[in-house]
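Heads up: the structure comes next, in structure tokens.
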Amino acid sequence: MISKFEVKPIKVGHRTIGGNAPVIIAGPCSVESAEQIMEIAIQAKHMGVNFLRGGIFKPRTSPHDFQGLGLEGLDFMVNAGKHTGLAIVTELMDAKHLDLFVDKVDVIQIGSRNMYNYALLKAVGETKKPILLKRGFSATIREWIMAAEHIAKSGNDNIIFCERGIRTFEDYTRNTLDLTAVPIIQKETGLPIIVDPSHGTGIRELVGIMSEASIACGANGLMIEAHTNPELSISDKAQTVDMLELSEIVKKIEKYK
Amino acid sequence: MISKFEVKPIKVGHRTIGGNAPVIIAGPCSVESAEQIMEIAIQAKHMGVNFLRGGIFKPRTSPHDFQGLGLEGLDFMVNAGKHTGLAIVTELMDAKHLDLFVDKVDVIQIGSRNMYNYALLKAVGETKKPILLKRGFSATIREWIMAAEHIAKSGNDNIIFCERGIRTFEDYTRNTLDLTAVPIIQKETGLPIIVDPSHGTGIRELVGIMSEASIACGANGLMIEAHTNPELSISDKAQTVDMLELSEIVKKIEKYK
Amino acid sequence: MISKFEVKPIKVGHRTIGGNAPVIIAGPCSVESAEQIMEIAIQAKHMGVNFLRGGIFKPRTSPHDFQGLGLEGLDFMVNAGKHTGLAIVTELMDAKHLDLFVDKVDVIQIGSRNMYNYALLKAVGETKKPILLKRGFSATIREWIMAAEHIAKSGNDNIIFCERGIRTFEDYTRNTLDLTAVPIIQKETGLPIIVDPSHGTGIRELVGIMSEASIACGANGLMIEAHTNPELSISDKAQTVDMLELSEIVKKIEKYK
Amino acid sequence: MISKFEVKPIKVGHRTIGGNAPVIIAGPCSVESAEQIMEIAIQAKHMGVNFLRGGIFKPRTSPHDFQGLGLEGLDFMVNAGKHTGLAIVTELMDAKHLDLFVDKVDVIQIGSRNMYNYALLKAVGETKKPILLKRGFSATIREWIMAAEHIAKSGNDNIIFCERGIRTFEDYTRNTLDLTAVPIIQKETGLPIIVDPSHGTGIRELVGIMSEASIACGANGLMIEAHTNPELSISDKAQTVDMLELSEIVKKIEKYK
């Protein structure tokens, strides 16, 4: 067992989050084209990644920045998932897309900006889909657990937490990765938790190192931003690893299984 | 002029936020009954308050806490507003209620938890209603301005900012009231900003004192939680002032006009 | 009375901090030369400032930055004080200079970096000098009060608190000025508190505005970095006002007396 | 190699911090009696601990709390060190004790409260003793490195950093353990860094788990509060492990060697 405290395994098709081995969710910050996401998916699959991530609706601080490919991008992801057998994970920002997501997506992500969006939490709680619930920028652990409770109260307890760093005074890193939240969430909720060291550090070179620390304290998986050419990434390039680096992280994690 | 930097006056019926005098928005945390909101409205009106606030859909950390009276509560508020001539301000949590709010509410509040909910910001941006945009718990000033930009990009620049304290390590107060944001927002956006010293301090005894400081640094108004019997308030009672205290705050603010 | 809660007046010669009028402590970040401090003192005196501040030992994050003129600078300050009748305030960083400070300085400042330096607090507690105790970068109000208790336990309760902003995620301002601390300190300790809007904001243009807010919530005084030519200031120039701006701040504060 | 980036090994007698194996520094928060520290030292030695920690001068928020046994406590530690062969680590709060510490202590600790106490940093920089430099409560990584630079500029570069958690809004844990600082410090300074998961979490049950994460991201050692009977510990009992728990942590760390 990876977890330091027992957790409920969450089934995603034939895969399990919260089981005996940590899962790896990888992919680009944004889906940029059919070719881009297919190529990343194929390479990721070969190295042992289980889940493909990619943003199609991007919550951006500025409304003038790239907002994602939208529903066309979703189809690109679905194709890449079908072709490779990877399960797909993407963020839902607006309840009006929920039906479409329920049909096409394997795990629905609720992003940090929407952790307190109780209308959206209620909406996804009315489905049976696995929900990946990212921690709000400055959410206390208790508030984060209560956000999950908003989902569960509507009938869906297929919830996976995702620690992605919190906001502090420190400015060397993009966020302060709060790894102590990993065992606390497992103990308090009995649900799995994964870690996103890409947003948690904001620094490509530290992603692999903090991945190891995450698994060592019991994380049930990792979510990593990866791209065939990080420098060409439309968003988050400073924290995006290339496919070679991703394969090395996957190998390092093997030893913790 | 109250503002330290020039701002665009926002018209709300015959009233103005961002004009020559600070506005006072007061009322209970939650609308609890037709009688409660009517009584508060009548007393508030007599002492010179201009706007009536009250929550009908309450975003609560726990889904097991009181969630507000909902649409019935809205009708209670509308009646109290009509009877007294007070403009009404209440929080919109879910875009599905937007049409109703546009018809019935004078100022639509976006709460701290939804400051990053870009789908909701876009939706209210497609109306012409004045929007009261509260600062997120740990939103930087730049992110807050960008949230307003999400609204404005959809066509609505009738935006009033509301400083309500940020999350820090300090635990004597509920939040840390960041009054320096007042002149910064005015300077950077040319839009009005009001202050909510109730959430900003969390302590009834400090609400009046920090109201004075808010106006002294140029705030275009105040939003204050007030109740005829704070101890019976369903929510936020520790920070809710009684009607006598409210009238004293209104008087103190007079001298800054 | 300026204070919102009653405080013990602290006598400094014939002046009083915590009395009926707010005090103004002004001067350069660093004492740079005999001429510089004398010129600033003369101008400050004419506009109604009561206390002259200036750093002679400068606590600098980098040991390679200017560390202050040291004891020679102290003599320049003492001369400027004698010539103008201004009381002098300067920071003590090292207990080995204490005897000298007791002889020559009117108010001994303990800087933010040393708020938890209990050996130094004990040392100044063994004198009868008025102590200006700045808040630590991330000190809770309770810890700050306890730091004063370390001084008082050694026998000296001539303590003036100084709020100078705390460290948060916000990066528009140098620090987040926590003005709510003003009435809290007065209520909890019965001692006076002043505000340093220069460090509290880090932005010259905001110093005057936040000075008004400070006095409006009851601060017993202000500490302001001022220089005859801020652009030539060796340190803290972005937050240092010129003498004209200082005189305007002094005038604005008059109306609160 | 444990470190993710190459570091300078620091010699402490025949031991090395920053070498091929992580070091374990363990012992009580406070030295309470000759018997207590001797018993802990003997047990710690048997399980493979290398360094004995214990506070003799305790920096306490309140001056009315237990302040440590003082110099008598130092002799108790020295005896326990001699008897067991453990190197001893204790905190210096006041430069007036420096000569004594240089004679009797193997590693001099600078506590979080004194990280910005430049007079003290300069004083220990004038010795050749290894210095354990704890991170300030809200020190940025850059400021922490600059504090080390204050020591090094005086001639002593035998510096070991110690991450012990930073102050944030989160209140489930005593502090937020910032493990990402571990590889950053190694990369930026080329010096070793250890982690204190006792203060970093404040929760006994999490100390072992976060010890594993610390070593997994390259920490050169651990500093752990341990006591033969944590419930009788004078200070920090909630975060102090018993000797059995300590031995299990030591064993878990073995696998990372």
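Read from first to last, the chains carry the letters A, B, C and D; within each, the first residue is number 1.
In this section, a contact is a pair of C-beta atoms (placed from the backbone, for glycine too) under 8 Å apart; a residue touches a chain by one contact, two chains touch by 3 or more.
Just so it is clear, the model here is predicted, and its values are computed rather than measured.
Chains that count as touching both chain B and chain D, per the definition above, are A, C.
Farthest chain from chain C (centres taken as the mean of C-alpha atoms): A.
Of the two chain pairs shown, A-D and A-B, the one joined by more C-beta contacts is A-D.
Computed from the mean C-alpha positions, the centre of chain A lies at a distance of 35 Å from the centre of chain B. The residues of chain B that reach two or more other chains are 138, 142, 167-169, 171, listed in rising order.
Touching chain A in their complex are the following residues of chain D: 4, 138, 140-142, 166, 168-173, 176-180, 183-184, 200-201, 206, 209-210, 212-218.
Looking at the complex, you find that chain A touches chain C at residues 138, 167-169, 171. Against chain B, the residues of chain A that register as touching in their complex are 59-64, 93-96, 112-114, 116-120, 136-138, 142-143, 146, 149-150, 153, 167.
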